[in-house]
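The following block contains the structure, expressed as structure tokens.
Per-chain numbering from 1; labels A, B, C and D assigned in written order.
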Amino acid sequence: MAEKKQGRLTKVLDYLKHDDPFSKGVAFCPGCGLELLLRFIPRVLGNDIVITGTPSCSAPVLLGQNNQSWHTLSYFGTLMTGAAANATGLVRYYRKAGIDNTVVCFNGDGTANDIGFGNLSGAAERNEPFIYICYDNEGYMNTGIQKSGTTPFGATTTTTPYGSVHKGKNLRRMNLGLKMAMNKIPYTATATLSDLEDLAKKLLKAKEAKERGFCFLHVFAPCPTGWGADPADTIEICRRAVKTNYFPLWEAENGRIRMTKTVKKPKSVNTYTELMKKFHHMTEADMKVLQDDVEYEYCLLGGLSVLEAECQLPVSVKDQGDAS
Amino acid sequence: MNTTTAPSRIKVITGNAAAAIGAKLARPDVVAAYPITPQTEVIEQISTFHASGEMDCELITVEGENSAMNAVMAASLAGGRVFTASSSWGLVFMYDAVLAVAGARAPVVMVNVNRETPGIIAVSSGQQDMISTRDAGWIFLIAEDCQEVLDLVLQAYRLAEDHDIQLPVMVHYDGFFLSYLSEGVDIPEQETVDRFLSVLDDQPRRTALTPGQKLGVGSHGILGGYMELRHKHVTAMERSKDKFEEIDKEFAGIFGRPYGGQLEEYRTDDADIVLVGSGSMCGTIKSVIDDQREKGMRIGLVKIRMYRPFPHQALVAALKGKKGVGVVDRSLAFGFEGGPIYTELKAFETRLDGTQLISFIDGIANTDITKTNVEKMIQMTRDLADGKDVPEVTWVSYPEANTKGEK
Amino acid sequence: MSSNHYFKHEGPWSDAGDPLMCTDTGDWRTKRPVVDKDKCIFCGFCAIYCPIQVMEMQADTHFEANLDFCKGCGICAKECPKDAITMISEGEFVS
Amino acid sequence: MMSEVRFHGRGGQGVVTTSKILANAFARTGQFGASFPMFGFERRGAPVTAFGRFSDRPVREKTQIYNPNILVVLDPSQKDSSTVFAGLLPGGMLLLNDKENSGDIRHDNLRKLAVVNASGIAMEEIGLPIPNTVVVGAFAKMSGLLDINPVVEALADYFSGKKLAANEICAKRGFDEVRIVEL
């Protein structure tokens, strides 16, 4: 029998210092990106976090049913309209009462970018000391796959269906991560499930940065059911999203953007879209629009990450000192 | 003219300022502030107290009323004492959170400065915002004057945070007519207020969301669990009636101002006709009653101070045997001809042994409930009691509505 | 008087003191992962990428799926760098 | 006469659509049908229950179904579960989607059993193991309450083009290939 090559255990396991507080049998679809992310967070950050969640795909797991619970974390079931404001109330009282805490405001893209964007923006503007994690599955999945503000151009959902006249979403997606980074909040970052070590590091950085104020994590979390993908492809979809610059990985400390993964030879976006039925109706012309979007956002990101060093705009020489 | 109370305690301030001072004296941990006419001065005053260090609270200048209620809900469920204030469109913008607060039994105390809502843009006084949210599951209290605004805020904390109650309380007062009216108000000493509120510290601590405590709030209520929670809520609302009476007596003992609990009965003992009203209109009504009394008119006022839960037992006891009762509503009940409070009282008409009820709608959209309006209402209630033909509903300041009516 | 049968508090509080709820998700799958111990190089990719975190270490030689909860999504098989895991239809295992 | 039918399956099998198509078919014959799912969240792979009331008189009841006289089980792994048989009336019928026609299911109140390899037929005709359009054909045959034509016509409200054609074949094959066992 050939000597089995003793591979080295992945370093990611070193970050998983805490137990998985969730019951093993919970209601997420097979291959759900959200399930992996939800279990991953407390395994990295610890089981003393206070996590808030809204009616969503995570609700049947995050929120208790009568007196029974699916996990051992302290949680707060919020409304989509109030998520970040609820988290604000928690951290403000804990600060007043001197209670040490890590509050994780855990929401989908619908809450973060659409119905709850107001209080997300307010919490960022007030620099509230908690971690807001958006799991972006690009649509309202719990209600059965409707379009959201982060649904990409072209994608079909049940509210942007394929019809003879209209064919999928004809609007661009909002880039939530970039929007939040613009506020010079202590920490912003994007992350996804193919790069778990990167995700773990960013979670720990957020936990440290929250002492100085608001932290926002934009995590790309595919939904096989909603995207018409094979459940086995969830991680590969994340990998290709990064490799095509569809979902670049970066972080921003006090608004200064730094790529955490530079893709030397980015592939064209169709190597990403081919894994999901929601894109399969798209014409050449549609794909060009999507590719242009991806490149526009990536160049914007590139520009922002070198802005100060190579800024051509006139700046008052007198107070050239550190702006922060 | 000698002064009755120590001069330094009486200050001439607006209703809004009285609300802000009441909040300050209660020492809240977290205050959420978002401006809306006519409430703005409340949060401006609190911001000033906060800036000067007079108020050691976490002040959250939120981006909208919805976030105001959500922030104080969470802080309250985490164990903190909280305060916020709003009005009309702001109150209905936060309505989903208002419902969530009641469902979660978070003892939030809020001031609502009554203003016309919903549907027609009107920056003017009326109780429609209170009526639009009356079934939210909150305790509703209504103040008549600036002193009562301050006092009700303090009483609201004793009621909301009482271990047997644990319900959110909203203190209503008329925008414009009271929010902007300045009158002498006795500002209690901080120590006296601390003593009044310290009763709560001797009670068991309520359940609070604490990191690492394996406890969560905001769970699904499933079938029997949902019904159990709702039943606990309904019974707590009922308990709050007697609790409010006890708090009123204790308050009178400490601060020297008895109000009468759920209702204030003004010269009703020997009256055979009565007006039922709430809010700032009651001041005008009382002065007209005194004038009419001198002319031999046996007229009294029942002032509603607790509107939710609806004080029907107290109302029946106060009105039983009266010949005629005129209910003055400063709002509308869409779907009914008469006003909302009139319609609710009508449900108990059979327990009043033949007392006849009529409905007056007045004072909406800043219309002034003048003395002559009150005299007219009293005269119509007199005619009702004397068996004359009187329309069931009268829009006192909008005669076009009273097509059958006179003049 | 209202009971405390469903909730132990006045409000909608759930405490994790009682045993956690658990759904029989193992019954959801149509295929299951089978690990070839010889091909497995014990890298743990299957374990970190399993959404339910039920690819469990066996001594320190290889990993195996906890079939009480595995939903048969197939991520472990797809992510295994050595193709040591194959998804087999549940039909094959019906006794 | 009112039939109260309970459908058992899994997320992704089109359980709710099965009941809808039948209600649609009954309506086409001038009869009445009401179909609705058991409420709660759906997850792909998780058990799903749906209900259908079909009658020659208007259906007015709005409650779930506790004493079905007909059971339809789209997911073979649930064929022995007690919840499937809960409340079945004496003289009840069961339509089962199963690969091998075992027909070995017994229950005191079960009088008629029908088995059809709906998932298999669906794989052949539409390339997906979604059994519901085969099942509606089989249901018509087993229950004797419907001819195949209204069932096939009903499909036009849910499919079009090539998909409609393929699903029509599924319904017909269901009707023809269902094996009925009188117990």
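Structure notes:
Everything below uses one rule, namely that a residue touches a chain if its C-beta (ideal position, glycine included) is under 8 Å from a C-beta of that chain, and two chains touch if they have at least 3 such contacts.
Everything numeric here is computed off the predicted structure, so don't read it as measured data.
Counting C-beta pairs in contact across A-D and across A-C shows that the higher total falls to A-C. Averaging Cα coordinates per chain and for the whole protein, the chain whose average falls nearest the overall one is A. Centroid distances from chain C, each centroid being the mean of CA atoms, peak for B. One simple way to say how far apart two chains are is to compare their mean CA positions; for chain A and chain D this gives 41 Å.
If you average the Cα atoms of chain A and of chain C, the two centres end up 24 Å apart. Averaging Cα coordinates per chain places chain B and chain D 57 Å apart.
Spacing of chain A relative to chain B, judged by their CA centroids, is 44 angstrom. Residues of chain C found to touch two or more other chains are 6-7, 12-16, 23, 25, 28-29, 71-72. Residues of chain D in contact with at least two other chains: 43, 45-46. Multi-chain contact residues of chain B (touching two or more other chains) are listed as 77, 214-222, 224-225. Viewed as a network of touching protein chains, the structure does not reduce to a path, ring, star or complete graph. Across the complex, chain D meets chain C through its residues 10, 43, 45-47, 77, 99. Of all residues in chain B, only 29-30, 32, 57-58, 60-64, 66-80, 82, 96-97, 100, 209-222, 224-225 touch chain A in the complex they form. Residue ranges on chain C touching chain B, taken from their complex, read 1-7, 9-17. Contacts from chain C toward chain D in the complex involve residues 23, 25, 27-30, 71-72, 90-91. Listing the residues of chain D that touch chain A in their complex gives 11-12, 41-46.
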